[in-house]
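Labels run A, B, C and D following the written order; every chain starts at residue 1.
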Amino acid sequence: MMEDITIRFDDTIAPEDRTAPIFIEGLPGIGHVGKLVAEHMIHELGAVRIAEITSIYFPPQVIINEDGSVRVCNNEIFRYSGEKGTFLFLVGDFQSTSGEGHYLLSQVYVDIAHELGVKRIFTIGGYGVGHFNEVSRVIAAVNRPDLRKEVEDAGGIFSEGEPGGGIIGAAGLMLGLSIPLGIEGICLMGETSGYLVDPKSATNVLSVLTKLLSIEIDDAKLTERAGEMEVVLQRLLEQEKKSEEELSYIG
Amino acid sequence: MMEDITIRFDDTIAPEDRTAPIFIEGLPGIGHVGKLVAEHMIHELGAVRIAEITSIYFPPQVIINEDGSVRVCNNEIFRYSGEKGTFLFLVGDFQSTSGEGHYLLSQVYVDIAHELGVKRIFTIGGYGVGHFNEVSRVIAAVNRPDLRKEVEDAGGIFSEGEPGGGIIGAAGLMLGLSIPLGIEGICLMGETSGYLVDPKSATNVLSVLTKLLSIEIDDAKLTERAGEMEVVLQRLLEQEKKSEEELSYIG
Amino acid sequence: MMEDITIRFDDTIAPEDRTAPIFIEGLPGIGHVGKLVAEHMIHELGAVRIAEITSIYFPPQVIINEDGSVRVCNNEIFRYSGEKGTFLFLVGDFQSTSGEGHYLLSQVYVDIAHELGVKRIFTIGGYGVGHFNEVSRVIAAVNRPDLRKEVEDAGGIFSEGEPGGGIIGAAGLMLGLSIPLGIEGICLMGETSGYLVDPKSATNVLSVLTKLLSIEIDDAKLTERAGEMEVVLQRLLEQEKKSEEELSYIG
Amino acid sequence: MMEDITIRFDDTIAPEDRTAPIFIEGLPGIGHVGKLVAEHMIHELGAVRIAEITSIYFPPQVIINEDGSVRVCNNEIFRYSGEKGTFLFLVGDFQSTSGEGHYLLSQVYVDIAHELGVKRIFTIGGYGVGHFNEVSRVIAAVNRPDLRKEVEDAGGIFSEGEPGGGIIGAAGLMLGLSIPLGIEGICLMGETSGYLVDPKSATNVLSVLTKLLSIEIDDAKLTERAGEMEVVLQRLLEQEKKSEEELSYIG
């Protein structure tokens, strides 16, 4: 029987090599800002994959790797531990396809963070404004008012009524659901038109995030990565549209 | 693991300070009449928050408070006990996003009412007529025919075939589901165009409700509150629309 | 906690007064043919209500009775036992709102039938042809090929490729799901334009059904009943449309 | 009570006559290429039906057989054991109507395969390109990179970025979900316009598949079968559309 959500840790990695004080979520979303920032950091730091999450709440499809082999679509946890610190990253192909799934998956993510000793979660996303701006702000939210000053000092902007009263999906829910677990939560949203993978917005978010982490990450390859990601995502997006047609056709 | 519906009572409040004979539901709905009436009463009476309900059946998003901190969207129970009587109030950001969720949440609400010693439930809503009327009636329904006369004496109108054979969401289901628990139920629906937060309709409902409760509540600030609520709701509504776009984008 | 599907038998009726060899399903559907035939028979025979089914798979609303009181929307089982025989009837406000709910409710219905000693189930529906016909046939299907001749002798027509390869909802599923229980199943579908409550189609179905039951039922009041039902259903239909708007508004 | 997914093996067939090293999935999909290939092989080989799967995740309807009797819509497993080898086939009326159902059903299919000793699964589908091509390729994917060469030698084409980064439904998920069970998986997708049952595309897929199985299957009747299937599917498709209308009408 299939579980609704399955977590598989790489058992070649010892339990003590899974923990970290910091957890950075960068799942797909508006402008794929979060995904771009998190994947960029994973590559630059050489973070290691320690766990995979699969779920019936993800779209019912497999992804084709470059070598022609397939894998079930998933979310993954990477970990970096080195001179810059110890961080966990959550990245993946998709978020949930249903509202209930968003809650259940986000709860699993914060529960994993809690078990792995996380003290602070960063969720990263885009804030779609629907048009191109000269200057792209980094809008922020926190799950405890006393975190606000620190974020503002790093360049995050708290703007009443933005984003429109709420943050949807894992970026929002992980902040809210980590409150009862005593985990600090900071959401950084890069202003973006929302139409394309947005490396400029990601650069701005990366800047605020690294200040908050007191580390430096080279952002030279962000634009290049955005271009590559755009190609892959266009394919997935096309597939998404086809999927809806096909699902209605075969279901 | 996440429960589908979670109730958290404020444990600084003693169990005997949670009970009440009267329960007033004012969740969001047409013209936000119920929400406006219930929140107005909570403010005027100085009712105290005693419990919070969160659920995977609510939209998958967090609400941003004025100070930049977030909270998971929820429903809340407030309680007033003083010289005017003892009342419970149910208010919140949203109702369920699914039909099944409406049933399951409404059952939880009447079960809570039952446990807290409630003898009578008032559900308050709007009755959308789609156009602006000079006179806005208060249409009523009950869960026992013998309650009808009392409601008519207070100004509630029973009009066969209105509202169109049914009452949807918590306002209707709480009335129906409280029958087997032996709790009396009265629904008051203020006629409204349904397009905006409607303080005139709310004033009329408040008038009937306070007569039935044999209390007086100043309605001077209702219009002012309606204006403030309108601003907040417009934001949420915009967010709702964006959410749908975003969910289809990230899912 | 709420069960997904709840069956409440009237406990003033002894278990031995609940059984019957014949079960007639007439839930809402195309042209409300099944509903009209079953409710007509219930009235003409003076059948007695023995059970009520409520479910989270029904629309989340209450129905307002003529006296202004409400009830949760439901399905009901009536029973007639007298000189014409012993029959159970299944009627109600709605069918399920989801595909999964259709299966789960239909399974409950055939399980109840099985427990009550039912040997044969009749499901009655409309067969929507989208236009008005001079002659309205009664299309039939069975759950065992050897039942076909009997149905044809009574006037039921088996027409390959009609209805289009399948029968949806309870009328179809109850036939299929009763096969493993050894219960015979016959579906009678009155050809109808599908736009209005169709008393002519219902008269034709009643004629075939009563022949199969070897009884006589006066059909004089069918047209009158159809008119009354049309009024009630129009209200519900309007409410349905409003509900969708409201649910999207409050959810 | 109804199980969400039910598997019924024909108990006149001994457990040792259910096993096979090869499992071929041909459920409905784009161009019905998989369904056509699998049903053609079943007929040509004279494979025997050994199990039936029913589920609440299939559309809520029954299928009418030619003799006027009905059956619940299902998926079926056939088995051939003879001089050409021993194969299992999975065919059926529909795939799941929901994303969650796709996962749960696909998991059941690979679990059955595992229990029956299967070492290799072939999933067959169409690859809809939206226009008519002179030459129709057979696009392939595998669940282990080392399977690629064998498939290429048989005529399967691995084309990076086709199909658009993913394979949806059972054809994809069974490949992915069989990885942890140690079962080899090969997906063959016949390029097709996607609008009609496509015997040309099926002929190409059959050619690659039989090379991989080292058997010969006469393809003379494929076009004839495609014509018959087209008639049946048109009916089902019409019924599907009607179903959606009816479900919204009766629900």
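Here is the rule we use: a residue touches a chain if its C-beta (ideal position, glycine included) is under 8 Å from a C-beta of that chain, and two chains touch if they have at least 3 such contacts.
Chain by chain, the UniProt names read as follows: A, B, C, D = Proteasome assembly chaperone family protein.
None of these values were measured; they are calculated from a predicted model.
Participant: Quick one: which chains contact chain A and chain C both?
Facilitator: Output, common partners of chain A and chain C: B, D.
Participant: Suppose chain centres are the mean of their C-alpha atoms. Which chain sits farthest from chain C?
Facilitator: Result for the farthest chain: A.
Participant: Report the inter-centroid distance (CA atoms only) between chain C and chain D in whole Å.
Facilitator: 36
Participant: Scan chain B for residues touching two or more other chains and write them down.
Facilitator: If we look for residues of chain B contacting two or more partner chains, we find 59, 97-98.
Participant: For this assembly, give the contact graph shape among line, ring, star, complete and other.
Facilitator: Graph shape here is a ring: one loop, exactly two partners per chain.
Participant: For each chain, which other chains does it touch, given as pairs?
Facilitator: Those chain pairs satisfying the definition are A-B, A-D, B-C, C-D.
Participant: For chain C, which residues count as touching chain B in their complex?
Facilitator: These residues of chain C touch chain B: 1-2, 4, 56-64, 66-73, 97-98, 232, 235-236, 238-239, 242-243, 246-247, 249-251.
Participant: Under the touch definition given earlier, write down the residues of chain D that touch chain A in their complex.
Facilitator: On the chain D side, the touching residues are 27-30, 59, 94-100, 102-104, 106-107, 111, 128, 140-145, 148, 158, 160-161, 163-169, 172-173, 175-177, 179, 185, 187.
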